[in-house]
């Protein structure tokens, strides 16, 4: 109770700190408006105010923009040049001369301020209490690249960038459909972040959508820098180790999820998008599954399922078998394990902990380092330490095999968030196994199942299609049946329109 | 509520420290691979144990102990006094019984702990050793792996060729408790190397009744398991009985398939078993000329005759010994329940009187790749 | 009035909840208990027991059908008034509590004698209580999902048991009906405990989504359980000789001891560890309905507090006193007795008056 109250108090005070300006209207006088703007933008060296005379306006006009956020070519060529050109005015209005696509009109300073921060160019004209907002976005941005974390072998090689508009464009390329709706929200009081919610209106269940909107609307925060931050603010169970939203950097994957009846949330300035409601099984799927042949894809899916089990339980099983239930190990193996364990001074739990932690450190060290050094670290760690540690008798060589095996397995899981969750669970299971052996592992498994079947993502069961069991979704679960057999969208994402395709079964020979 | 939760969590953590009491780390364990019971000259029980040693500093990779005790559990205490680590019984592979012990009835009670304690392995092979057990446990040949492993492999492979039976502890329990059959065990002997002698026959009270040599074991196995492993028999055939010949008239065949059918009847206070054995055989070896194409029916008949003779002899031997390794009693119970009920407590005697008739049917399926 | 709409169960969840509650501690000792009474004909008793259970189940459903939105607790208050009704609810809660405690103590005892021989029983119970709380606090909906998932997860076990096939001797089953029908009928009594679980339909019925499948579902659940019992019992009878089977407390576990693979030995330990799942699907519904009844009686909506207290009490009780094997037997007998009253006698007695009362009473009161 007290903790929650404390949190709430802090949140309110954070809101109070933000100076909110009353929506002051623009005045008729250009000089007054400029003075006011200069008042707002103090200590802003990148603010450019250019006043000029034009034959198209009575008196003076001014354009205001932040120099780094705009496309200078566009301002020079499409705004200034036509306006400065001496020409007979005729019937043309000001806007007729300006060759910029999007032009709106603002009447108060709050809007003007917001637009300037977003990279628009504001034009003020003497004698008019309105401002023209000219769309001239041109902030620095990265070219589209292949996403690093989710490289695909056969899929598209485009990844999201840091600009929501572009990201939306990338998705639209896959879904040129009028039912693709985009709802925009501004989240954050200090740096309003544009959060866009993309979905297919005739597919998504309205309740799920409403839930998502409500949660986004409730956020009160300075600003959101990343979609990961947003996910943490709107997820269902903050204490779960499992990611409850899927985070992807791939437009094709996002589009495929939208088609499955899910909702994509895009945070401006973040190159990854959230997909929800997520199910446990979705984290074990990759776009490549659908572009390889289905038998191969099925095999890989099963491999991943196995990898999940191995990555979670193998060290725990090792501990349990070595220190409790040695009867289960076959005779020949027990002799060789016994021989290799004989020199190790640590109990199995500690032995496993040492190796697992070493491995985690190696991984973490390699992640932040530049690629060539990272590889070196990997080699040094993997081969040198692994070899030396066994020869020194610190850990047994069976343990090294176990650790290597779990490491490989945890990297097979295509989603890195899920991989991280699995690595955490592994330590929990190791602890339980050290306490009660196999019984401990089973109790852990029971708890894990208990958690998974209760977890929900946007009010949709997370464990689906496993719990509650939905056999119709099993076509795309452990196995990936041929695409033409998946005629309906998955039930697990709770859709209102479920038909996905007609009868496309290839019959050969055109019969 | 949250406070209670925290207290509970703390409590769990404290309690969990006691959770480790069952922990026995592998290297702290003396994993018993072979254990044995024998009697010494003064008729005192001696228990033996053999277990692998994992230490690199030890020059031998095995430790063996023999202690005097009254029961297996008591013996464990004695072992723990001597062995490097805690003796564990979950991986016993071979359970050896000295032949001397088998002279005494009701020794089976000694094995009680093996069934009462759930952690005991029931998959150990039960073996009878002809000789003092101390010799076997001290035996350490340089050209063989650890003795327990060597024995395990020896028994398993010999059983595959049907030279002996493979009776595990669980099965032994069944054979001992079941009224309608008597136990059969592997018998070994130490003779420069460990040698499989054949199959030991036990009476219902656990006393030693006799030895079946590997040839008889094959017949027994043929009856018991229809077809399991590989059975290859060599039989003499009376074509021209010339004793002076070096190359004798022998025929070997492989069993390709067996099918047994037992008919039970009870008349005049006597059980009668008609056993029909259908054998499919492949000729593997023939050391005499014979025109198979013309006379293969004759050959079949000869084999049948030979097998019938052998089987009858085997049954007779068992009947005289007071044993029923075939489990005819089970058939008697299944088909003649009323009669069985009267004799079930002394089945061996009833079986000794029984009339057992074997009717083998042989069909030669293959003659090999030469004529 | 749909009070239980939030916790709706699908037909499959309903089936597996009942089936899960049925397959529990009974299976472990059933082959021996039957063999003691009926010899190798015990498997016929299972079929008879199944028939009885199906009849009782159908009676229960036919009662509940009249009041589709009410659990047995609501019905009792409806018929007996507030105070007498509450007294009845206490009895029912007690019955569920006995069932839950029996299963939990058995679980601890089995683990103690089979795997963790020196860990105190209450420690095991504490650790079992954690996932237990996690799952039951989610309510019936989560329990339903759990039961369903566990059913599929444990499907491998009967299949693996098939590998013991070469060790079996079907001759042991002959002759069928060797001692006449008497022992077989007597044997049916010991199957009653194992089939208990169908009486949960008293509670489950109002939660069921598609009520038209209630009767079919409960028959399927009973049949599934019967098949499992039959499978295990027949296997035990053919694996152990009839003279030997009565010696084992839990023959089902001994059965697993002989299964051995080149890569895995001592399957019984793994089997038993997984059997915890079966035991959990038995104890969880009873635990849930204990606290469901008590919290309903106290008028609280949230059952979690009661659950925590109840679990704590169990742990505390086991801490203070470790039940010995006689206590376990007595507990089982108590549960059997309660089950006969609640599962068989109550529906048999209640079906006539309720059938006579039919609709009018419901309309008047509701």
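Going by the order they are written in, the chains are A, B and C; count residues from 1 in each one.
FYI, a residue touches a chain if its C-beta (ideal position, glycine included) is under 8 Å from a C-beta of that chain, and two chains touch if they have at least 3 such contacts.
None of these values were measured; they are calculated from a predicted model.
Undergrad: What chain is most central when centres are computed from CA atoms?
TA: Here the chain at the core of the arrangement is C.
Undergrad: Counting contact pairs per chain pair, which pair wins?
TA: A-C
Undergrad: Distance-wise, how many Å sit between the C-alpha centres of chain A and chain C, to the nearest whole number?
TA: A distance of 46 Å separates the two centres.
Undergrad: Could you please state the distance in Å, as a whole number, between where the Cα atoms of chain B are centred and where those of chain C are centred?
TA: Whole-Å distance between the two chain centres: 41.
Undergrad: How many Å are there between the centre of chain A and the centre of chain B, using C-alpha atoms for each centre?
TA: Roughly 65 Å separates the two chain centres.
Undergrad: Which residues belonging to chain A are in contact with no fewer than two other chains?
TA: 324, 327, 331, 435-437, 440
Undergrad: Quick one: which residues in chain B touch 2 or more of the other chains?
TA: 16, 19, 22, 90, 119, 121, in rising order.
Undergrad: At least two partner chains per residue is the criterion; list those residues in chain C.
TA: 115-116, 119, 127, 130, 265-266
Undergrad: What does chain A use to touch chain B in their complex?
TA: Counting only chain A, the residues touching chain B are 1, 322-324, 326-327, 331, 334-335, 337-339, 341-344, 347-348, 434-437, 440.
Undergrad: Note which residues of chain C are touching chain A in the complex, please.
TA: Listed in rising order, the residues of chain C that touch chain A are 10, 12-13, 111, 115-116, 119, 124, 127-128, 130-131, 134-135, 138, 142, 144-146, 148-150, 152, 261-266, 269-270, 273-274, 276-277, 280.
Undergrad: Over in the complex, which chain C residues touch chain B? Could you list them?
TA: 113-120, 122-123, 126-127, 130, 166-167, 169, 171-172, 174-175, 178, 240-244, 247-248, 253-254, 257-258, 260, 265-266, 268, 305, 308, 312
Undergrad: Can you check the complex and tell me which residues of chain B touch chain A?
TA: Interface residues on the chain B side: 2, 16, 19-20, 22-27, 29, 31, 33, 52, 54-56, 88, 90-91, 93, 119, 121, 149, 152.
Undergrad: Any idea which chain A residues touch chain C in the complex?
TA: Within the complex, chain A touches chain C at residues 324-325, 327-331, 435-443, 446-447, 449-451, 453-454, 461, 463, 466-469.
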